[in-house]
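This is the structure, below, for whatever I ask next.
Labels for the chains are A, B, C, D, E, F, G and H, by order of writing; each one numbers its residues from 1.
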Amino acid sequence: MSTPRVGIIMGSDSDLPVMQAAADFLDTQDIAYELTIVSAHRTPERMIDYANSAHERGLQVIIAGAGGAAHLPGMVASLTPLPVIGVPVLSRNSIDGWDSILSILQMPSGIPVATVALDGAKNAGILAARILGSSDKAIQDKMIAYKTELREKVEEKIRKIESQ
Amino acid sequence: MSTPRVGIIMGSDSDLPVMQAAADFLDTQDIAYELTIVSAHRTPERMIDYANSAHERGLQVIIAGAGGAAHLPGMVASLTPLPVIGVPVLSRNSIDGWDSILSILQMPSGIPVATVALDGAKNAGILAARILGSSDKAIQDKMIAYKTELREKVEEKIRKIESQ
Amino acid sequence: MSTPRVGIIMGSDSDLPVMQAAADFLDTQDIAYELTIVSAHRTPERMIDYANSAHERGLQVIIAGAGGAAHLPGMVASLTPLPVIGVPVLSRNSIDGWDSILSILQMPSGIPVATVALDGAKNAGILAARILGSSDKAIQDKMIAYKTELREKVEEKIRKIESQ
Amino acid sequence: MSTPRVGIIMGSDSDLPVMQAAADFLDTQDIAYELTIVSAHRTPERMIDYANSAHERGLQVIIAGAGGAAHLPGMVASLTPLPVIGVPVLSRNSIDGWDSILSILQMPSGIPVATVALDGAKNAGILAARILGSSDKAIQDKMIAYKTELREKVEEKIRKIESQ
Amino acid sequence: MSTPRVGIIMGSDSDLPVMQAAADFLDTQDIAYELTIVSAHRTPERMIDYANSAHERGLQVIIAGAGGAAHLPGMVASLTPLPVIGVPVLSRNSIDGWDSILSILQMPSGIPVATVALDGAKNAGILAARILGSSDKAIQDKMIAYKTELREKVEEKIRKIESQ
Amino acid sequence: MSTPRVGIIMGSDSDLPVMQAAADFLDTQDIAYELTIVSAHRTPERMIDYANSAHERGLQVIIAGAGGAAHLPGMVASLTPLPVIGVPVLSRNSIDGWDSILSILQMPSGIPVATVALDGAKNAGILAARILGSSDKAIQDKMIAYKTELREKVEEKIRKIESQ
Amino acid sequence: MSTPRVGIIMGSDSDLPVMQAAADFLDTQDIAYELTIVSAHRTPERMIDYANSAHERGLQVIIAGAGGAAHLPGMVASLTPLPVIGVPVLSRNSIDGWDSILSILQMPSGIPVATVALDGAKNAGILAARILGSSDKAIQDKMIAYKTELREKVEEKIRKIESQ
Amino acid sequence: MSTPRVGIIMGSDSDLPVMQAAADFLDTQDIAYELTIVSAHRTPERMIDYANSAHERGLQVIIAGAGGAAHLPGMVASLTPLPVIGVPVLSRNSIDGWDSILSILQMPSGIPVATVALDGAKNAGILAARILGSSDKAIQDKMIAYKTELREKVEEKIRKIESQ
């Protein structure tokens, strides 16, 4: 497999069922990625190593998912110069997801996190591809093709619903 | 001026005092951008033209700010293959900003918007620079330098507070 | 079937189980309607065509349902001179419905959407009938009769509960 | 003055500064209206008389504004067969407007209220005009012209911002 | 059965499973009550008759339960001089109960509703008994005894938990 | 002055500007009351003495106001057999009043608090008068007269607004 | 068993399934505790006795869990000089936990409660151990060891996920 | 000055006006503390050094204040074995404080933060003193005396209000 261009990390293996969707999308677009667990609270040193070295290892985008008081995306964003996409995960004992959304979205001036919707890991994968595509014509063309696909799927459903 | 790499758009000129911060940051990093008004609700045709042609005109990232039921970032994201950064603007009659945050953040599967904090236009500018930097070493180096700057400013404040 | 007077549209076929209630009500009142899928984000061109031509094709009211960051009702309202009724749909991964409510309700000055309750598609159908009835005596009389029906159903329940 | 086609009512004279915007818009479109105070809680009998007779007196749409536990729009909607537009007013001691929004929007099945944005009285006026326009070609043409006006105002601002 | 002193009303028979708890408590205290359906939106005339005559028929307290945009408690309070206890009911399609709570609680100056917790019908029954007890020594004594009962039940549980 | 029938208490003298409205209303109705500070958190013993003896000293209703994590109304209600009216006060550092509303309203089964609107001290006074009036014809007649007053004040405003 | 150093109390036995996690953690660290029911609303005298005597009986920390309008942690904190840890419990009829969180967290100046996450009883146990550890080297060493354990468990999961 | 027992840290000097209250309280109790700026996002390495060495340098409690997506308290808690008190600060562009509250409070299992009220820095200072007092009789006695002071201040206000 080629060098990963996207790093997908999450705070806990309980986030994997949600976060897998980011990996799955990148698979369909043949974009190389790596996927692992990095916990801001339980493995802080590992988080720092991961974030500090990410751009040196060739990663171009980091996708970070976490639930509750979700500090992983913001902390990684404070350590790396790469764009970081944050996925708020609806964890057990979450207050309807508000906690993870706000603790990822409301970053202070200087340290942005590109936040996507609650449990929006697939969109995080798409956003990563769009970011790569902004300087990689082949990927951008795939993103254009993907939008056509989306439209055609809806058109198929329209035909079905209108022929009833 | 060189060809703009970032497009900064907003739904209304009342959003300009907030959105200017994105432009100001890009100025400090010598990243060329264009800035204009594109209203999803009042100039829908213009929005479509803008979004459809953005990547052809050389733009690599779009920053879109809007308040209330903020449809501009999401609609532009549905039309362009570029990464779109959404800035929820706290407008008059907003319900504490919840309306613009949720109508930008909670995009359906397939159409991501990279949402930043309420009135977080400066962070949108930084995120755009990080995105460009992910394939442009010179800009990435500037982003690393910028992080050093942030750190040094805090260290300066630490010296002041500790010497009191 | 006669020319449709009401257009019922929704962002996805997953909204159909909710939105069907609008159609069902119009059926009971013999008001002609059309029902289809129009996605603001996946079929933006179709949305524009639909909204631009709606009043020319004889439609008098549009009912638009969508979930999450729900842009369909507002975008259609920005393109048509017709009254647009917005139905916030409680979609999967919604934050308790707040996202769809606020992104439909909080429209900027100039572009109103007549918002009904969360999953309130039946009420959207009734509101469409009331709108038609405001200039069509026959439909208005049906609306008066419908109110009587509602009252009589409650009176029936009162008799049952009081005779226990 | 001609027979009013739109009734604008509000729960208290403290709502007038907000609700006046609905009347002002109708004035610009030469649509006859009446404006008065009808309090669900302080003049319930008057509310019933007003709502029961509205369609007989020639009104075609009712706009009702109220704050806090706002019962006026829903109660009027339960008594009249006309379409009722509800305007949540941000009153003193309101909890950021949530109280008026939810007590107007979340009507039970059978009794719709066409809710607009918080303090959205101007949009209520526009919605009333769109409703009249759905069966009155002259008003519909004005609504089309109004949309053009909105667009042109934005285009004027675009020229200004782009020439800076 | 003796003349009812408490009237228990609700907007719909779907509220009965919740509201029954108020009646059950009054039964245990031998306080006469009546229970029926009164819909603010579907039987407004009946609501007015009920509320206007309540104090003349000997009722001393009214308990009113409703869900969603819950107007029954407030409207009844505007018509009767009696104390009205409002029970916010968590209905289907409610937004986590916020709608019924706020539309019952946030009454305007002049028309109070004594609001209890979400689905708090039993507490409404206890509050009605406390109100009667404030001028009826026999009932007040029962309320004192009831508090003793509550304490003893907890003490029983304490013994159980501490002996484990 | 005659024996107080209503006790008005509050957690802090900073609540007095809000709570005074309850006293003012009772003054207009010639209902004797006492007003003092009782802090659940700073004078817990005093709170217990006050609440335990209230009904023995002739009080028939207690009005308790507090802000933030507002425990006074609920704690007093747990100690007295009297009806307790809770007034959520919007204090400094409150989160828009949600904290005081929820910590007064959401009492557990067995211990009701009659909650009124945020800063609704005047309504608390009216509710206390209605409670007394439920067994005191003279006060009930005053409450009926008060409702007439409210109506007449609105009618006066209607004349003014309609004559413009 | 040695003298308890931590008191774990809860408002009702229905809180036990949540609160047990605090006890379980202390068991694993061999820290002596007592666990019982103390209801602010149903056994106020017992609460006062418990809180007043806690520090005299050798307790060093109190953990108090409660749901809804949760007054136990704050009331106990007002009576004892010990640090009190509050656990908001998601009870039946709670409004998503907001009621217990806000009525525990938003304590007035002078009376702090150390609030942990919704249903966060295990964290309450850990916090109690950290508090004891701040002056007890043996316990602090255990807390350091516990953090290592947490890290090692994550590292184990990392190996599993990366070897897939 | 003696060795600091409490470390007061904050993410930015803009938090100082709020956080100073913690220091002021400790001053009144003659408890030695240190106060400085430690930014999770701008000086992550400094944060790690500070947190890792805190218990070795003799600190027994850490008070950490931060606003918005407030990661400092939780990150410090993940690195130190000491009890960490988190103060949610209402920063500029905060969404009414919800962001800082939830990102401090909703910590995952294993890493507790003792959260106090919004802008509750004084209570953080008191909580720190109570924690020290749990194993230091002299400080505990001061805490008992402080509670007496609070009570006496209220009693003074009672005399004033009752003598009016």
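By our rule, a contact is a pair of C-beta atoms (placed from the backbone, for glycine too) under 8 Å apart; a residue touches a chain by one contact, two chains touch by 3 or more.
What you are looking at is a predicted structure, and each value in this text was computed from that prediction instead of being measured.
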Pair sharing more residue contacts (C-beta pairs) when G-H is set against A-G: G-H
CA centroid of chain B to CA centroid of chain H, Å: 35
Mean-CA-position distance for chain H and chain E (Å): 43
Between chain B and chain A, distance of the C-alpha-averaged centres to the nearest whole Å: 18
Distance between chain centroids, defined by C-alpha means - chain C, chain H (Å): 52
Residues of chain G whose C-beta touches two or more other chains: 12, 42, 68-69, 78, 93, 95-96, 98, 101, 105-108, 110-111, 117-118, 120, 147, 150
All touching chain pairs, where touch follows the definition stated at the start: A-B, A-C, A-G, A-H, B-C, B-D, B-H, C-D, C-E, D-E, D-F, E-F, E-G, F-G, F-H, G-H
Complex contact set, residues of chain H against chain B: 12-13, 16, 35-37, 39, 42-43, 68-69, 93, 95-96
Complex contact set, residues of chain C against chain D: 55, 60-61, 78, 81-85, 101, 105-118, 120, 122-124, 126-127, 130-136, 140, 143-144, 146-147, 150
Touch list for chain G against partner chain A, complex: 90, 96-98, 101, 117-120, 147, 150-151, 153-155, 157-158, 160-162
Contact set on chain B toward chain C in their complex: 11-12, 40-42, 44, 48, 67-71, 74-75, 77-79, 91, 93-95, 98-99, 102-108, 110-111
